[in-house]
Amino acid sequence: MHGLTFDIAHMLAGSLVLVSFLELYQDRLMALINIYAVHAVVLTLSVAWQALIQDAPHLYITALIALSFKAIVIPVALRRIIVKLGIHREIDNVVGVGLAMLAGIGLVALSMVVMLRVTAEADPLAREDLAFALSVVLLGLLMMVTRRNAVSQVIGFMSLENGLVLAATGAKGMPLVVEISVAFSVLIAFIVIGIFLFRIRERFDTVDIQALDRFRGERR
Amino acid sequence: MNVDALEAILIVPLIAAAVLAVLPGYRLTASLNVVAALATFLLSVSLFWTEPHSGDYLLVDDLNRVFIVLTTFVALTTSVFSASYIGHEIAIGRLSPRSVRFYHAMYQMLMFAMNLALTANNIGLMWVAIEVATLTTVLMVGIYRTHEALEAAWKYFILGSVGIALALFGTILVYMAARPVIGEGLNAMVWTVLVRHAAQFDAPLLNVAFVFLLLGYGTKVGLAPLHAWLPDAHAEGPTPISAVLSGLLLNVALYALLRFKMLLALNPASIAPGPLMVTMGLISCVFAAFMLYRRRDIKRMFAYSSIEHMGIIVFAFGMGGPIANFAALLHMTMHSLTKSAIFFTVGHIAQVKGTQKIADMGGLTVTNPLLGWALVVGVVAIAGLPPMGIFMSEFLVVSSTFARQPLLAILLAFGILVALGGLFLRLNTIAFGEPRGPSEPAHASYVPMFAHFAIVFAAGIYMPPGLVAGFENVARLLG
Amino acid sequence: MALIHDLLFQGGQMLLVLLLAPLLTGFVRKVKARLLRRRGPPLLQPFRDLARLLRKDAVLAENASWLFRVVPYLMFAATWVAASLVPTFRSGLLFSWTADLIALIALLGSARFFLALAGMDVGTGFGGIGASREMMIASLAEPAMMMIVFAIALIAGSTQLSTMAAFMNSPEVGLRVSLGLALLALIIVAVAENARIPVDNPATHLELTMVHEAMVLEYSGRHLALIELATFLKLLLYMSLIACLFAPWGIGAATADPAEIAIGVASYVAKLVAGSFLLAVFETAIAKMRVFRVPQFLGAALMLALLATLLRFVSRSF
Amino acid sequence: MVIDALIAVAALLALAPAGIILASSPVGRPTVYGASLALSLALIVAGAVSLFGHHDSTTTLPLGLPWLGAHFRIDALSAFFLIVVNVGAAAASLFAFGYGKHEEFPGRVLPFYPAYLAGMNLVLLSADAFSFLVSWEFMSLSSWALVIAHHHLRENMRAGYVYLLMASFGTLSLLFAFGLLAGASGDYAFDTMRATPPSAELAALVLILALVGAGSKAGLVPLHAWLPLAHPAAPSQVSALMSGVMTKVAVYGFIRIVFDLAGPPAWWWSMPVLFVGAVTAVMGVLYALMQRDLKRVLAYSTIENIGIVFVALGLALAFKANAMNFAAALAMTAALLHVLNHSLFKNLLFCGAGAVLAATGERDMEKLGGLIHRMPRTAFVFLVGCAAVSALPPLNGFVSEWLVFQAILLSPQLASWGLKLMIPAAGALLALSAALAGACFVRVYGIAFLGRPRSNAARDAHESERVSVVAMGLLAAACLVLGILPGFAIDALAPVTYLVAGGRMPVQTAVEWLSTVPIAESRSSYNGMLVFVFIAASGMIAAFVIHRLASDKIRRGAIWDCGFPDASTVTQYSDDSFAQPIRRIFGTVVFRAREIGEMPTPSSTAPARFTAIVRDPIWDTLYAPLTEFVAFTAEKLNVLQFLTIRRYLSLVFAALVLLLLVLASWP
């Protein structure tokens, strides 16, 4: 019976990595947001599955948060923002998609190498899970540094954080998971609101972070 | 219910924060702020003889006792300084009463978060506390609502969040490493339990964990190249916050790092954390030293000097050994006291001059002798010249390192020398020469800065045996 | 008794050099004149000049300071003391240990130092020229001299003139390259120190070519006389120095009976005559060189002396 | 004894805050300088008692490094230097007693002056690495504050800046040396270091580090750059201390580390010391000849004398390594005696320069002249100083140099051929520097004090305060006494040389006629007293005889000057023109000196111009590139202040990936 549960968890975690790659590939903001929603949904599923197999009911709360907040509220909010800002058709990336994908593959390989050195008696599920989580985290970071637009950077950050939640839930019987996911949701809310605030105050004409950098303390 | 000192130093700031959030009028709130800080300080001092129980969530041991007392003390002096500083800010209308209320609440909140981070016996709790501390400081950095302030806050916020995320991943990994040995549940995150079983943990997992923790908490410590948020946050926030940031928050993050270093040190199979820390420390020290030269904003300059000193401290802890650890602890203490005192001085100078631009300052020892000479003393101390305390720690670090790793010692000494050059280059124009820029008579609170300088000076000459014993004990703990 | 005996000799030596010095200069002049087919002044002319100068009043510039008046006495005294400490016809003088060779050179150095100052006292162009050039020459001549001392002292194992002379007299000296070089260097230095052609012309009346004369331009009367006498003494000193270092034959030992002393005196006079004759020939044979050729000339001496010092180790090492 | 000394030092330290308070009040100056004078006299007594009483005294205070405590000790070496330092300090304080009246910012001088004295004394007293370095750096720091006392002058600030950097550099290299001596275990007490000498190669490293560290403070070429900037910038009594005394403290540090702590020397140790010393001596005096600033000339002459001292120290090392303790003692005596002598006459000269500065407000010799008429007493003592520093018998400067030459003449008995050939060469350089020093000080005195005044300031100069003159007079007297009776000083040095060089010279005061006989009378001897007596006697006899038998009349007339006297004072020989021959001979090589003369065409009324360009080779080749490097790096790195958040994130990302790669490649 262990085999099946393992395979499903494995499948879900792997698909999360896959979706991260999709995000990396997608350079239209609107589509990117949609894919992020998918990302959140997949995360929800895997968290729920973990809740089931670890019969840890408190993980359902995490799953619920993931579904409601990350899969619905945030994407909706972001859509409204980018529509308001009129950048919903924008194409945004610093390095070419191909290059980004290559880098991503390299990162996944790296995380595999690093994680598979972990001795096996830490149970395989955890190990695989961690490998995937690590790659999701790295891909999220990669996304943050290869996108110029604040919205896509936020999305990068959020998928990074999804990786964290994946790891946390994968870690059997880890306490404070719920609190942590809540805390992170707050963090993300802050970020989104931050972008939104700046927009509303008419202080920055674009959410491009470079606009912020124009107001750096010591101009050259 | 009965509350012992340990819980009290968490509860007092929390209550104070709640109260200050609603009370109007800055005089009252400022004095309340001071009172709360004083209470916390006294409680923390009482930790030395009241032996509170260390539960699953909180603990007191020799390591964090040092940190707690230092934190609460600097918090106290800073609150005294901030009273006069904020008064001036209100007078010139830079801060509205509402934002002042918010500021005081946040100040106590920050104190709570830092105390929690220091006393937490649970690595998850510690992480949460540091995140809270970061967020509160973000809000305070942005309090002036100017372009620069918001930009600095935003930068701090983004980089800080990423750091937090990395640190969390590291924490999870530590749990994963601990679980097979200790078993599921809370115990696998309780510090005291972890330490007991650290030897059996899975080394490679621990290694990955440490990398993430080093980067995550290293961001907060301000190690290059993760330092980017630090200079701007120091420069744009209110000066008391700069003092707290440099004097305390960096230490708290460092404390977290040290905890995990001890964990790794206990595990023979894992990589030695030393070399990593030594490398990052060295990079930060030399890099920051060079960055001192082109600064035009006085607060930003001293922020970079903080990076340099954090580099030295991390370097020393990385070197390890009784002498180096002792020196690192001493250096950390001295740096907190000196740097916060310098920021007190700088805050008043900026108010007197009405600017933070070094170009508009000059001949302070002529126009405002007390402030000017205070700055001179501060720079002398921070540059590691005797008879101030930092000289002792630098003496110990450099000489003990030179006997073991001459090349590293030479690089470190080079960094120190370059930094000294940069600091004095600016000091010459600020404190000496023909007076420049506007200057109004200072109505400053000299007590905090001179109290700090007095302690630093005394420590450079004579260290009380009790303190020494404590430090040596901790140094032994750190291995 | 012995003490009185020694004191007698020391005093005799002091008077001897004082009397011999003008005579020597007179002799050199005479020989030079003869070589130029002139009859030249009589041998005792220097004495007459000195006497005349002494009798005249001294004329001082109105802004001449006390230093200007003290220097001639200082210079004369220093040179005289130095000259009377060089063994002439009998080594082992009573006070020979007062100053060894290095100290002698330093004594002459002090004399020069003060004379140069005196040259600058009144504040004229010529005085400055003289002082500056004198010090330039000295700055090369003194180290050269010191090297010569090294070269000989390292061989003789002493800087005490009596001991050195005794050693150079002894058979163990042998023929050494370094001694030859040292002698050559010493001659060059002596020529420069005594302001002779080709470095300087004692008889010139064209100010721009003067070094020594330019310094004493402002002097007159007894002051000038003393300076003149000092220069005579200096010439004698160098001659007897060369004599006692490189031709120490016949110098009587400390325990010398009258016969030996007679030999010593005779040989000494002979050496002086020979030396002054050679000097005269040398001076008439060559022309004075430009001031800024002097450094090369003296640099050569310095190099020779240094070479002599270093060759000392290879020539014969014991 | 050491307790009493420490009490005196503590009193000096206590004087510093008193200085802050009293700075504004009229009693401030007399109080501070009077108390400093009294305390330094007390310290002289302390030093003398422990030097002649032949007993060391030690104590440990619960200060400094907690597990070590602060060790203090007076042995023969520190006792001797204690005397040197405090004689200088006493003289400077007495001088400042009157001279300090001219100070425009007493508030920036009075607090630091006693602190500075305390720092120097503490260096000599401390007997563990930490207290030593604390005192060392404290000394630098307080003198830095004094250097920038007149902070409104840009060049002073620059001087202070360079000074502080070089001082810290030196401190760091000393720190390294002590780190090696103490080992990883950190036994910083001198006794334990002495007990466990390092291995041969470590000891060699210690030697080099000590040479760099102490040398940068003593002003060895090429680490001298700060000295001619900082010494003149300070108030004159402080310049006197920095030049006359602080450099000696650096010498003390070198002797303490190399001769006392670093264990037995290897045969080649003397070579770097000899080389650096000889080069320093010549370069120093050549620099001095190129300067116009009176105080800067003196500073460079200090460098020259430090070079002489280090040559003597190098000789002592060579002899000690060859177990020729007696010769080592001779060389060491020469070094220490020169230390004492130089501290005396350099103190005197700087005080004189201060008096001139106070009288005329000028340091540029080109604007001085004729001061011998306006300030005769100062002129006289200054002349004594000039004669002493030019090593003229019968003054003290000559005695020490004579001893150095005597030590050099012992070199053939050394084993190594390298040294046999190197030492005479060093001797040649020494002789050269001595001769050049003579030229240099003829120039200084002739331009500044003789001739006709070159500016109104010099024309109406006035004699300085009586007490200042007294101070200088005492120093001059000391120079003469040490010159004619060196035997007593040499005998007093015996315990010191026995301590550090393992031998002692024969007792000099036992020799008949009190003459100085380093080895044997047949070998070499010198009797300053008789030389003095003879010169005085024969000079007076000559004067007496002439005045009696010939004329003693004086007539004052116009300047003769070959019949073309020129009334204008600018036609006098200037300092540049005086230095011209030497500039042409040496400067063209050493300083790439060039002379540019513009002659106007005939019939044009334009003036003819002559400019001499002298460059500082060491600054150009060593310091300028260094500063450029730092500036360049700072400029390049500064880009990192102006990145976008995304780029900062990429930095973090890169660091993370890098560390993970490290892990992945970990065995």
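In this document, chain identifiers A, B, C and D correspond to the written order of the chains, with residue numbering beginning at 1 in each.
The definition used in the following text is that a contact is a pair of C-beta atoms (placed from the backbone, for glycine too) under 8 Å apart; a residue touches a chain by one contact, two chains touch by 3 or more.
This one's a predicted model, so the numbers in the text were calculated from it and none came from an experiment.
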{"item": "Touching chain A and also chain B, the following chains", "value": "D"}
{"item": "Which two chains share the largest set of C-beta contact pairs", "value": "C-D"}
{"item": "Chain ID, smallest distance between chain and overall C-alpha centroids", "value": "D"}
{"item": "Chain centre separation (chain C, chain D; CA means) in Å", "value": "35"}
{"item": "Separation of chain B from chain C, taking each centre as the mean of its C-alpha atoms, in whole Å", "value": "78"}
{"item": "Distance from chain D to chain A - Cα centre to Cα centre, in angstrom", "value": "69"}
{"item": "Cα-centroid distance, chain B relative to chain D, in whole angstrom", "value": "44"}
{"item": "Where chain A touches two or more other chains at once, by residue number", "value": "114, 117, 141, 144, 153, 209, 212-213, 216, 218"}
{"item": "Contacts with two or more other chains, residues of chain D listed in rising order", "value": "641, 643, 645, 649, 652, 656, 660, 663"}
{"item": "Shared-contact residues (touching 2 or more other chains) in chain C", "value": "none"}
{"item": "Interchain contacts (touch definition) - all pairs", "value": "A-B, A-D, B-D, C-D"}
{"item": "Chain B residues touching chain A - in the complex, by the definition given at the top", "value": "124-125, 127-128, 131, 135, 147-148, 150-152, 154-155, 157-158, 161-162, 164-165, 168-169, 172-173, 175-177, 179-180, 184-186, 188-189, 202, 204-205, 208, 231-232, 235-236, 295-297, 300"}
{"item": "Touching residues (chain side chain A, partner chain D) in the complex", "value": "94, 107, 110-111, 113-114, 117, 138, 141-142, 144-145, 147-148, 153, 209-210, 212-213, 216, 218, 220"}
{"item": "Contact footprint of chain B on chain A as seen in their complex", "value": "114-115, 117-119, 121-123, 126, 130, 133-134, 137, 141, 144, 153, 157, 160-161, 163-164, 167-168, 171-176, 179-180, 183-184, 187, 190-191, 194, 198, 203, 209, 212-213, 215-218"}
{"item": "Parts of chain C lying in touch with chain D, wherever the complex brings them together", "value": "54-63, 65-67, 69, 73-74, 76-78, 80-81, 95, 97-100, 102-103, 106-107, 109-110, 112-113, 116-117, 119-129, 131-133, 135-136, 138-143, 146-147, 150, 153-154, 157-160, 163, 207, 217-218, 221-222, 226, 291-292, 295, 302, 306, 309-310, 312-313"}
{"item": "Chain D to chain A touching residues, read off their complex", "value": "641-646, 649-650, 652-653, 656-657, 660-661, 663-664"}
